[in-house]
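Per-chain numbering from 1; labels A, B, C, D, E and F assigned in written order.
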């Protein structure tokens, strides 16, 4: 279940999945709405329960993924594929949404939780957080984004492989040193304050600049540097015509905080 | 020379190359056999001698690579190319083999040794290990995989460039902090025990899950996230139909160890 | 302004941009000359002023980028695009130049400075250096290389996103642990000595090996491992025919320093 | 407006756009429904009016694309981009739908009509049909698929460029000789009969085979042969397990028509 | 069964498959041998029987592809995948062999025959030849190369789709006008003479030039023009150093036939 | 030698190379000037002499490409590579120039001539024109663009391979049916009139539309359809804001010729 609260330009999402199946279609609807809502400038995502995510409930999953219909193996495969694609879509919307998503993780982040946070833009966690690519433990190759995004998120391929092949837990310190998270906080309260502050800083910047930055960072990940530069030049031939540059430059020269600038909706 | 010993699902390979040229065709035969042998689930690779690898013996190499035949420069080039491709192939088989390869490094890992470990899946080393991309010291651009794989294995491009352009040694601590290895052990004995334990953990998981994980991790490295997700969904439309999911889920619910599950051959 | 001084095979460039606009066309001319000059084997780039770079001067930029001519929005866009492409080109020449570029950073490295160093091969800095992806602060998505190269330079995507979206400062320690720089020195004097020594080590190696290494490292970044290996084999079918291999091998066997070898011009 | 009539496994769509704006969202809904409807095996698309398509009505387009809102050029650009992406989506759904689409063209096929037919799988036309990439005549680079798909649809790049840059008409004979259409019929009646017959032939084949063929043909267009073969092998490892192979093989051995086989829903 | 006869530099292969299963491993061995044999400069492939190929024998195929072993659907899939990859490999060797392959087709070319000829370099046929992408008729998406190569071989996508989705026959005239073959001969005797003459012309040219041409044509198909040019320049930096250029230039200046030049082995 | 004459928006280039070496640096300068000259809207290129091009003069080439300097094979290779890249660049500028290039070919078009015309946008020829990929005859794999661009220009891969591997002549009719040229004229006079008329038609259209069309057509050739559509949408988010759309739409509604519209410089 997703809890949505909006404080001006920052949308706070809290997801609750203790013992309940992730509501994936809710994710899609939610991020589509955020994408279209020009008031929203940044998303802050955290867990509402005692853990960030308890992973996929095994009984629920069994009834969903493991008993697909179909008259033969090909038709069963086809129905499984549709489900997997739908699951993948639920996290890919985060990436397609041009508003940055800051995710704050406490406690356990397991299975689908790792798929989820790998698709977010900035990751932070509490000192007691731990991460587990759980899928191999239940006979699965993780198929909702972890194997595709995690190696491009952290800088040690040996570590990624170890996590995915042994399902061992990784704790906050290693998450920080490996680059999975860029900040660790003492506890959840401190983290929520920190996440909110960072979200506020992003929300105070020109939305033209912020969203163009996210879009081009993701584009560059999947293209050569030459292609990335070409796309960037094509992007900015219009985006540099924004009034935001002049507004921002003027505020900078007047030593004013970005927060004092009023940007038009984007 | 490659020593092969198989303890159930774990194949132990020890290579010995102190003063001797690497037997590359042996590598190809060995990994092709491992690929086809459905009893083997994971490979553990280590050095049999005092060092992990002493690099290419210069006299041997001279007679092999440096005196190619051919009536003109083009024909000499063509013969050199065939040799280089054969050398490359000797390490690429490791990557094409769907069984994960854990490599345990002690002492010196030089030249071809770095090409080799870059193609393995999980790297660990002893405290006294050191690594050297030696090729530039003998007038060569490393052409058997280091320049292609190392930058995708560790997270600092500045470091990769420094290592490849200056041939300086990197010791265990920097290998750990840079992500080249994910574990450092006090000595070889401890490392061999640790590697064996990790290999055992991987061997205890569903081979459908483990091998699908390796294949998709490597696929994702060389493709965009979108392409990676599509391939994953296509892969799993059949692989999720394995009994291993139900067996693993049941064991997990019954709090049994993965090692207690009997998976069919794969 | 670029200061050029050449000590044998090492070209030292110092750029001065305190309060002055970066002279981009100077960069292009300078690196084209270095590319063609077969005496030059390595470039060492540092800042001549109190800071490495003070970023783009806002008043100058305003008159350049922000008042493009054109009869309608499309024509203005077209003129902006040309300027952006020209700016991009000024740093891409560094990458296209086959001679390695070692960059030594002290004090502030802001905005265009980060674009610049991301295009260099080896980065080192002083303890008091700090880095800032400043563009979002003035309403811009960084478009001269930072968004394309930085994520492929350091190993934490969460950190890259944080830096680019919040414009926060990163100091020397985090620059080291994240892999942006591979060495940190106590002060500028120590750094300049260290950079010169490293440049000297690279300059002492075979230019055939060194430049082939740089070219293939950059090629591999933008291609799959399979493509990278194929290109490497095609590259080396001629480059292995250099006398430098025999000269280097002989020096190595005679325990002589690479610096004692006289390589032909390349 | 889209007219939908379903005769068993063949869905007939007729679009009517004489003087009216193309209802793009209708296209998306329609093809999503066809994708999910396992009774539908093939789509036959034709024009309901006197012409296949009269192009975009200029007055309507003006009010839609040419008067976008936004406080500055960047914001106007952003809103234009959203519209263009939505237009593109309306034709890309045809390609994403795994059921083959046979399009039958009579009379004029102009502007958006060419975007539309380029996204279909099999093209046929009447002797009096003509085609016109009209966009350049109204100051536009065609942005809804023609420039992307047409060069991959027909075999002469010189011709594609000529059509797109001069907006000249191409008649049925040249459409046939250039490969844009694979069949030309004397008149609409004959064409509709021919299209229906071809649609019937496709509908009579195994839907597992037919849809796998379409999906892999489109995948191959955008990937290397090596990647295409790998995807195909991954696809068919499940799809070859269909009963349809045995049913089809048996019918073939018994010299029965494919139409006599009853395939399960897919 | 493959018949091999070698007349100097031209290797003639005749395959016979009337009523017998294609011996795929024979193909791999044969082309590997041709690749390594420096006397062989060009391959001429034709059918030994009454038809070029009668397609896959359905009974044989059933026992091979349709009764794979495996304890669950995943394991069956894995075994099917191995077989498909092996089949693909049997035709991909033709493409990897640097010697050009001229294929001469008479009578029926069905199913695997189309996969085969799509992987050859130059196609010619008799007036009575016909082609059929048969797979969809027996419940299969063609998985041994037709769907990957045929669209890159001929210039009409509409025609490719029609052939693959309806399994209709295409006769010699359409094969010529669509570009599948570049020559049509009155009968088999005339074709064999024509093919032999063309093979002789290719065999008379510099093998450095001929094989470099094939390798770069195939490379370019799967890469961008920019990448293709870069690879070509890297290729030719050694290959232009061949004596063959001077020999060929001299013969051209002296108006001598290429056949009079003696090229070194390559 | 290049002759330049400009009639308003159409630049006519005539190249003369009977017996003289192609002046490649002239090409680069010329097209760079055309790119920057906003008066020029389209280029018409033809041959000034009795033939379109007589190919590379063998004696000149020998002194240029065949006697490169260098102390060893690697250094010779490096110098050859630089020359080849420079030759490639001379034709790639045509493609990078956003103004369309119509090329009119009469008589012989040999060797470098084919490289040249493959890089142009629209090709037409006289009835007596013939084309020859000559390189294989003098021991070369064509390395200045033919092998990279020709297969993407015409629709029969069998024909491309035949031309490149046998160096046979192709006459006007086959050039037309294969799609190499899109128009054939009776003689040079008629062709020049036809080319001028076509150039005039292109010059009369909105330069925003025309140049955006060329840029996106070339982008699409080297990218997937998905990437091409994304780039197009990014391109047009600014380019659709041109007044040219309204001017063109109005002229179209008033049934005026495009030639009557006055477009601003671009």
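In the analysis below, contacts are C-beta pairs under 8 Å (C-beta built on N, C-alpha and C of every residue); 3 or more make two chains touch, one makes a residue touch a chain.
Worth saying up front: this structure is predicted, and the values here are computed from it rather than measured.
Visitor: Which chains does subunit A share as contact partners with subunit E?
Guide: B, C, D, F
Visitor: Using only Cα atoms, superpose subunit A on subunit F and state the rotation angle in degrees, rounded to the nearest 5.
Guide: Rounded to the nearest 5 degrees, it is 180.
Visitor: Can you work out the whole-Å distance between the CA centroids of subunit B and subunit C?
Guide: About 31 Å separates the centre of subunit B from that of subunit C.
Visitor: Using mean C-alpha positions as chain centres, tell me how far subunit B is from subunit F in Å, no decimals.
Guide: Centres of subunit B and subunit F (C-alpha means) sit 48 Å apart.
Visitor: For subunit D, give me the residues that contact two or more of the other chains.
Guide: Residues 73, 76-78, 152, 154-156, 177-179, 208, 221, 226, 234-235, 237-242, 244 of subunit D touch two or more partner chains.
Visitor: Looking at which chains touch, is this a line, ring, star, complete or other?
Guide: complete
Visitor: Residue numbers of subunit A touching subunit B in their complex, please.
Guide: 58, 61-62, 65-66, 73, 76-78, 80-81, 84-85, 88, 92, 95, 135-143, 145, 147-149, 151-152, 154-162, 164-168, 177-179, 221-223
Visitor: Provide the residue numbers of subunit C that touch subunit E in the complex, in ascending order.
Guide: Subunit C reaches subunit E through residues 227, 231, 234-235, 237-238, 241.
Visitor: For subunit F, which residues are in contact with subunit C within the complex?
Guide: On the subunit F side, the touching residues are 71-75, 77-78, 208, 238-244, 264-266.
Visitor: Considering only the defined contacts, which subunit D positions touch subunit E in the complex?
Guide: Touching subunit E: residues 100, 121-124, 152-156, 177-183, 198, 201-202, 205-206, 208-210, 212-217, 220-221, 224-226, 228-229, 232-242, 244-249, 252-253, 258 of subunit D.
Visitor: Provide the residue numbers of subunit B that touch subunit F in the complex, in ascending order.
Guide: Contact set of subunit B toward subunit F: 73, 76-77, 226.
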